[in-house]
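Got a structure for you, written out below as structure tokens; questions coming shortly.
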Amino acid sequence: MSDQSKQAEIVRQSLKRRYRKERRFRAYGIIAIAIALSALVVLFADIIGKGHSAFIKTTITMDVDIDGEMMYLDDASDERQMKMADFVEPLIQALMREIPGAGESDRDAVRDLLNPYASNQLRDALKEYPDLLGTTQTMELLSHTNVDVYVKHAGDDNYSIKLNQQQREWVDQLVEKGVVDTSFNDVFFSRGDSRDPSRAGILGAIVGSLLTMAVTLVLSFPIGVAAAIYLEEFAPQNKLTDFIEVNINNLAAVPSIIFGLLGLAVFINLFGMPRSVPVVGGLVLTLMTLPTIIISSRAAIKSVPPSIREAAEGIGASKMQVVLHHVLPLALPGMLTGSIIGMAQALGETAPLLLIGMVAFIVDVPGGFLDSATVLPVQVFLWAGSPELAFIERASAAIMVLLAFLISMNALAIWMRKRLERRW
Amino acid sequence: MPTSKENMYGDHISHQFNDDLSSLKNDFLKMGGLVEQQTTDAVNALIDGDGHAADEIRARDKVVDRMEMDLDEEATRLIARRQPAARDLRFVISVIKMVADLERVGDEAKKIAKFALTLAEEGQAPRGYVEVRHIANHVTAMLHDALDAFSRLDAEQALRIMKEDKRVDEEYQAAARTLLTFMMEDTRNISRCMAVMWVLRALERVGDHACNIAENVIYMVEGEDVRHTPVEEAEKVVGR
Amino acid sequence: MNTMNTTVTKEAAMPDETPVPVQEERPAETIIQEGATVGTPFADDPKFKLRNVEVFYGQDRAIKNISLDIARNEVIAFIGPSGCGKSTFLRCLNRMNDSIDICRVKGDLHLDDENIYDPKRDVVELRARVGMVFQKPNPFPKSIYDNVAYGPRIHGLANRKSDLDDIVENSLRKAGLWEEAKDRLDATATGMSGGQQQRLCIARAIAVSPEVILMDEPCSALDPIATAKVEELIAEMSESYTIVIVTHSMQQAARVSHRTAYFHLGHLVEVNETNKVFTAPEHELTESYITGRFG
């Protein structure tokens, strides 16, 4: 046999082994992806399984006699009278009417089916329309949290249902009659935090997050891009520049809680800024995001082909013109992508914000950058730590909202890159 | 010129190129050797009155023609494929021109052989053969030296050949005058003497071609065209 | 009939048998005399007058004492093996080396009797006069029109849109690209073929009306037909511009240039008429290089 055919034989024999190896290698990859995917599925299943019920609220719909006598009220536009008036009584009476078996002795048990804040609904309605006094209105009132839990999780052993046997029978009757019903939980998206789970919402946290992110974006993007351009295009090649570069890279790896400590020490203790406000939160997150933005922006600038720079210089463009006319437009998609990813990181950050007091219980939706606020991940942290299962449910729901924000930010990053990217 | 002559054909990065150039050189020298032989043989056939040898020489001219065509093709191919530059270019261009000269020398040899045949058939006393022998020795030596100068890239020898050509011309003039006196002596000699005159003329042409080859060798080696220039100019070029 | 073998008998006709003298090893460095350029490096009334130019990359001396004149409206080609400094030298002529921190240029470099490396001199003005075309076609990722109009815009050469339109059209015409591009001036330049892109780059360089155009291996990324078009363009442009071209293709240098300069290891070894360089170069290194004996 000639050398060549001998070699061909050897190659043929090793081919099988090579293909086997290749298949095995591919299998490893598929297994890795399968593990990652199943972890993701488990996570999502758990969160959605726990949290989906938070998007549903339980209501009691009934005809309410808005009887002035019962409420010690004869003029709904009189503020003094409104303060003194009893708004609970008409509701109890109306509900008693819906429950045939309930006697005067069951008053308290019946009242406990109503949400303590249901009377506020009546008061608010009267405040707005004083003419309603003396009429009968069909009202949709929020049920008590216990009723909510009973309706949603009646068979679930994890939940302790704080209704007695009598109350449970009433609720069952009311559900059958259609008086107690479930609908989309608009309260969750329209209110701030609350001690009462059925009235707790995440609007406060969302607004807090948006305000904080706005501060972070406004500060970190220009500073980061400017720093990146200077370092990449103008900085002299010397020890100092190298030192700065190394430190920026190190900063990106510093645990975020350290930035929280820094924020606490500098912004709050040294500059005397207020605690738990979006401005300080934004400042701290800016510090945390800057290295990410600088590094990704520099990478984007570096990826601009030197031939473009040379072309512009060769025509006689000044350094400034080269950067502004050519480098920046070409690097912008990469810079934006890096910034959005940095922002997404900041959006999900909890630790540094805990230290600057954004962990407080805040009921009101913040109205500005200097109002006390909390942010989504901190809200999740707060609710997840609550002993009440109804809050755990809401924590999961808040996680879903947070994830939705993160996914849409990443999608925005991808879309922007696709949109703005230019080929050369 | 400080060109290291020993690597005229070699030292290229492409060995194929080296081989192509050497084979062109060797084929040229083969043709040169054949043509030289043809000239010597033709003169010998004339002087010996050997009609058979003269026939052979005329037949062998076909080989010379074939070689000329082969060499031209080889040179063309080399230009097309290698794009020679500088001394390589000069070498190929010179070879193309010198091949034409060699072919013409071959034609002159054939012409001499033709006269040898005619004169052998007439079979009378040789007149002017001394002159023929003399000039023939001279020009074949020149041709030989020219090929030698080519193969050794010897510009100085080539220059000597250029100077030699003048002497051949003088010898030719002298021989022609001698033959003229023969013709005036006896008018019956005229046709024979004319034939010998043609032979002398052919030999003189061989000398011219040898001179052309020498000029091409100088161009090839020195990169300076010395045709149609006084010998003194050529001397300056070579002397550098 | 005699065969050829018997007819070829003369010894002298077979030089292969003569002993070849042992060739002494002479490294190229020892053959070159620093600053001593063979041929005709100087010209009367030159566009560029370059004397004793040295370029350092840190400690490395990349260009070693080169003196050269570049005449008006001539096409001069720089050839030489890779790393011989021809590109570096070319880039000195419009100070493109400035952006390299470790690069220092010494010597007298004059463009029309003005010192190129005068610290007070504005590089922007210099580059408007000495345009450059690069190895890889590098159009901006903008429209064809904007590519050509960029230079005039930043230098403020056109005040009105119609003036700018004229400049763009003229430049494209000179670059032989008008017929191909006139219907798609708004199309992005990166969508053109490589040869068209390179001609666009030339149009872009012409648009600022430079006096000199430097070309750094302008055809090395192009196919032969595109190369031929660019070479044709160079020939046409030589009427109104001084052109300095660095090329790796010796045939290209032979085709387009009037004079050829041979660089070796940072030395300028020989400058001569292109005809002379390619038929009978004076320096043995030039000879070795262009005959393909090293590279």
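Residue numbering begins at 1 within each chain, and the chains themselves are lettered A, B and C in the order written.
One rule holds in what follows: a residue touches a chain if its C-beta (ideal position, glycine included) is under 8 Å from a C-beta of that chain, and two chains touch if they have at least 3 such contacts.
What you see is a predicted model, and the numbers here were worked out from it, not measured in a lab.
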Per mean C-alpha coordinates, the chain lying farthest from subunit C is A
Contact-pair count is greater, between A-C and B-C, for B-C
Whole-Å distance, C-alpha centre of subunit A to that of subunit B, is 101
Whole-angstrom distance, CA centroid of subunit B to CA centroid of subunit C, is 45
Subunit A and subunit C have mean C-alpha positions lying a whole-number Å distance apart equal to 62
Subunit C residues touching subunit B in their complex are 1-2, 4, 7-10, 12-16, 18, 20-21, 23, 250-251, 254, 277-282, 284, 286-288, 290-295
The subunit C residues in contact with subunit A across the complex are 94, 96, 99, 101, 123-128, 131-134, 136, 138-141, 150-151, 154-155, 190, 201, 204-205, 208
Subunit C partner, complex, touching residues on subunit A are 236-237, 305, 307-308, 310-318, 321, 325-326, 330, 422-424
The residues of subunit B that touch subunit C in their complex are 1-4, 6-7, 11-14, 17, 26, 29-30, 32-34, 36-38, 56, 59-60, 63, 83-90, 144, 147-148, 151-152, 222-224
